[in-house]
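See the structures that follow.
Next come two complexes built around chain A: one with chain B, the other with chain C.
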Partner chain A sequence: MEVGKKQYKAWLYLAPTLILLIIFTIYPLINTFIIAFKENYNYLNIGYGKGPDSTEYEFSSWGLANFKAIFTKGDFLQYLKTTMIIVFVSVPISVVLSLIIAIALNSIKALQKFYQTVFFMPYVTNTIAIGMVFSVMFATHGGLINNLIKVFGGQPQNWLGGDLMDSAGNSLYPSYWKSMLVLLTYITWNALPFKILILLSGLQSIDKQYYQAAQIDGANKMRIALRITVPLLSPQIAYLTITSFIGAFKEYSSVVAIFGNQAGPKGYRRQMATVVWYVYDRMKTSDMTKGMGYAAAAAVVLFVIIMFFTAINSWVSNKRVHY
Partner chain B sequence: MDIRLVNLTKVFADKDSEVRAVDNLDTVIPSGKLIGLLGPSGCGKSTTLYMIAGLLNPTEGQIFFGNADVTQLPPEKRGIGLVFQNYALYPHMTVKQNILFPLQNLKVPKAEALQRAQKVADLVAIGSLMNRKPKQLSGGQQQRVAIARALVKNPDVLLLDEPLSNLDARLRLQTREEIKRIQRETGITTIFVTHDQEEAMSISDEIIVMKDGVAQQKGAPQEVYNNPVNLFVAKFLGTPPINVFKGYIKDGGVYIGEDRILETELPEQEVTIGIRPEGFEVNEDGTGDFTFKIKLVEYIGRDKSVVAENEYCESPTFRFIVDADIKNIVDGRVIKAKIKPHKCFIFDKLTEKRLQ
Partner chain C sequence: MVLLRYFICVLIIVLVPLAVFRKKVLSNREIVTKRYGTNLDTTNTMIGDSVSEVIRREKTIKIIKYIVTYTFLTAVAIFIIAPFYWMIITSLKSTEEVNLPDPTYFPRKIIWSNYRVAMTMSGTYFGRYMINTVIVGVFSTIGTLITTVLSAFAFARLNFKGRDILFTV
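Take a look at the complex of A and B:
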């Protein structure tokens, strides 16, 4: 009786959060799966059931038609490739870089707080604002990067579209990999502050005696970093790797921040489109009877991919992480 | 290899204060011996150990290992092994990896390293635990792993920081014998730091008693116990502790109150008198020189531990030990005892230096 009463109270306190979660997270999640398997889904006709014509009925049939369509028609596979490149380049680089910066920050005494603040600044700055700064920096004409290249005597590049000719008079166009370089630089840089913060607090909680012991044991700086610091930081590193993998698979706002909602340099629409960009694009702009189903199918595909890599990540960290 | 500390000084300073943790320490630690650095917390014993290890830089003074001045050498070049108070075993490595770590840093070939690790593990009797993680070991086993890790690179000097403080009472007895045995078998110059006088006295070849960063006395444990140079050393050594009384010297006699307890050649003055618990001789007929009232008698097997009262004692009661056979010791009775001269020390009232 006593237990039952307490449980009732607990549920009561949880209710506001639970209700919101169910309405805005769990129901849409389940519904996305359902929609993904409905051919010619039209959300204006919800409740009209299955029928031959989706101008009058909600959908025409159950099946894998949406999945078949996104993999065979359009550029979904290209967007998937772009997303994969973002994930497998930006996550390792940003984790390793933030680890190096955190260790360096932790080893200096003077101005440590000042540098901590400096490195944390991007985190509190608006993503879109930083994206615009990047697009100004990489601007084809008058951008900081191209100006620097000029100072060192190089050939300015067409990063973000516009007209540009080299000295021989040939036109330069923004290529996929040039756009990718800009995007990866931005994503990596943007991902650093939070990681540095987490790693730095992890570093500061490591008992100093391990370092004294390692010093007595004659380990040099590199060995101390690799054999003492990294293993002792492994819980933080695993946490960051898993969450940034998930985050990078969902990359969207960085693309919009740099390239706008065209997802590419001027005149190169969708060059840098990602899976999530595709989901938005299908939902908003394509025709009523196909778009929502395609978007749902793409979301399900992304969900499965993220599940798969997260499972691998946690399997690896179960073996490698020392709590 | 002997260790010489020359005017070793460590000052910890911050904005508004400075602490002389170790003050002009000047001593020689003989080769191949087990030396206990003994003192209450904050006396500078651990600081001294860390300076010998090279983890702290002395403010002044020098450290010699044999004839070599190692004052400026980093820890890894000094050829020392250090066992930390809480062992500092690498939690993510197995016992074997922990012991191998110093050898890997020295780039010892793998086969030789494994052999040496196994040998030293067997020496400290953890040879069968090589694949466990530190968390899976008891405190005593962790302690042994830490000693093995310190010994595996064949250091010239082994340093132990409060090696027994994290163990329970029974393990402590066992481990201190173990440390003594390992030290004997390896013949390595060993310094260990402790605040527990019993621990230091039981296994050390020599002890150095420290107070406020200053070495008070150095010598064989029994020698220091029998001949303390000052009141601090006398109080610090011995369980139960020495009993301290206010007294004076008059007409060639030592007095506590009205009782003339001993003869002396010291000039007349006020003194502080220390009497070891075993320095009281109670006769069956109750005759003697020193009068006191018995508060409580405890039987501890072979001996009786007696709590008694005397108004000139520095503390409300004092405690002494006599043979269990002596019969006239009963609660509440006022009796007399003779004082054994060699168990009674007379100190200057102000400087607390030993007078006799």
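Take a look at the complex of A and C:
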């Protein structure tokens, strides 16, 4: 009786979370997987089968046509490549940089609070607004970065395109890597504060005894950092790596903020598009049979990739993390 | 305005090192006295000399370390502040100044009316946007608090079938 009563109470307490979770997470997740395998999916129709007009039904048959289509038609692989570059460049750079910053911050006394406040500022701002500021700063004419390059004697670079024309009136497009550099700078800028915060709190909880012992043994600074600080911080580093890997795979708003909703310079659409941008773009397309189905297939592909890398991450951290 | 700009620059250049090295600069002899209780130099032995030598070297290394650390942190801080600074000064510039081929690093003439225009421009319902933001903020916070507090209580205090499986989800 006692146990039964408690069970009933527990489920009551969990009900709000569970209902929200089922409606807004589990159902859409399962439905995405189902839609991905429906060929010629059109949510405006009902019924199933191969009619004389294939758009008449909700979907024509079950199969892998959506997956085949996104890999063979269109630029999905290009978007996947962009996403991979973002993940494998921005995550290591931001983790290492924030680790160095956290160690430097932890070693000073004067002005520590001031620097902490400054480094935390990007966290409380809006991705879209600051992304637009970055696109203004990297503008070819009248941008801060090009002006600095000019002051130091370099050639102004075409970072983001915009309305540039050559003498013949053709639009000038920026190279992929220049745009990528701007994007990576922005993503790193945006990712730093949270990582610094986590690593700094981790550093401050490390026992001073370890450092005193190392000092007595005559270990140099580099050795102390690699042999004491990094292993003792490994839980935080592992957590940050896993979450930022997932976050970087889902990068979307920063691309839209810098390059606009066409994910590229004017007239040169989709140059910097990521996988999530592709999903969003497919959802809005007017061609129904190439819309939802493709988007769902791309989402499933992304989901599988993220699961794969998260599994690798957890496997590595299970072996290496020192708790 | 030019005066204000240089004033800010000078303030930063002077204040940062002052804050860093605000500790009273002690002579080597005083440090030895402070550390070891007695002034070893007064005995005029070799030990006193070598100790103060070592301490001086340590102090130099420490100062160099501080300079490197603060330079690095300041560089990162500038990198982080730059977009905010650019956003704020651009919000105070006139349209002509924003579109200059060579950007100015401080508005020639501060135009506060940009803010008034942005808030009251026809077609811009700034009050409505503000209310929307506040509504979203308040209610999503309340909703998150209610659901998470309730389920945290259930997981922490109550035992029920399938608790561990559900927690991993």
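In this section, the second predicted complex is superposed on the first by the 301 of 323 C-alpha atoms of A that agree within 3 Å, B and C clash if a C-alpha of one lies under 4 Å from a C-alpha of the other, contacts with A are read in each partner's own complex, and residues count from 1 in each chain.
Criterion: contacts are C-beta pairs under 8 Å (C-beta built on N, C-alpha and C of every residue); 3 or more make two chains touch, one makes a residue touch a chain.
Please read these numbers as outputs of a predicted model, since none were measured by experiment.
By the touch criterion defined above, A:Ile216 lies against chain B but remains apart from chain C after alignment on the C-alpha atoms of chain A.
In the overlay built on the shared chain, the residue A:Val133 is in contact with chain C alone; chain B does not reach it.
Within the superposed three-chain model, A:Leu105 lies in touch with chain C and out of touch with chain B [touch as defined at top].
By the document's definition of touching, of the two partners only chain B reaches A:Ile228; chain C does not. Ranked by how many residues of chain A each touches, chain B and chain C are led by C. Judged by the touch definition given at the top, the superposed model places A:Val118 against chain C, while chain B stays out of reach. Interface residues of chain A facing chain C in the complex, by the touch rule stated above, are 3, 6-7, 9-11, 13-14, 16-18, 20-21, 97, 100-101, 104-105, 107-108, 110-111, 115, 118-119, 121-122, 125, 129-130, 133-134, 136-137, 141-144, 147, 150, 189, 192-193. Chain contact summary for the complex, chain C toward chain A: residues 16, 19-20, 22, 65-66, 69-70, 72-73, 76-77, 79-84, 86-87, 90, 98-103, 146-148, 150-151, 153-154, 158-161, 163, 166, 169.
On the side of chain B, the complex with chain A involves touching residues 53, 55, 74-76, 80-82, 84, 86, 88, 90-93, 101-102, 105-106, 149-150, 153. Contact residues on chain A toward chain B in their complex (touch as defined above): 207, 209-210, 212-220, 223, 227-228, 231-232, 234, 322.
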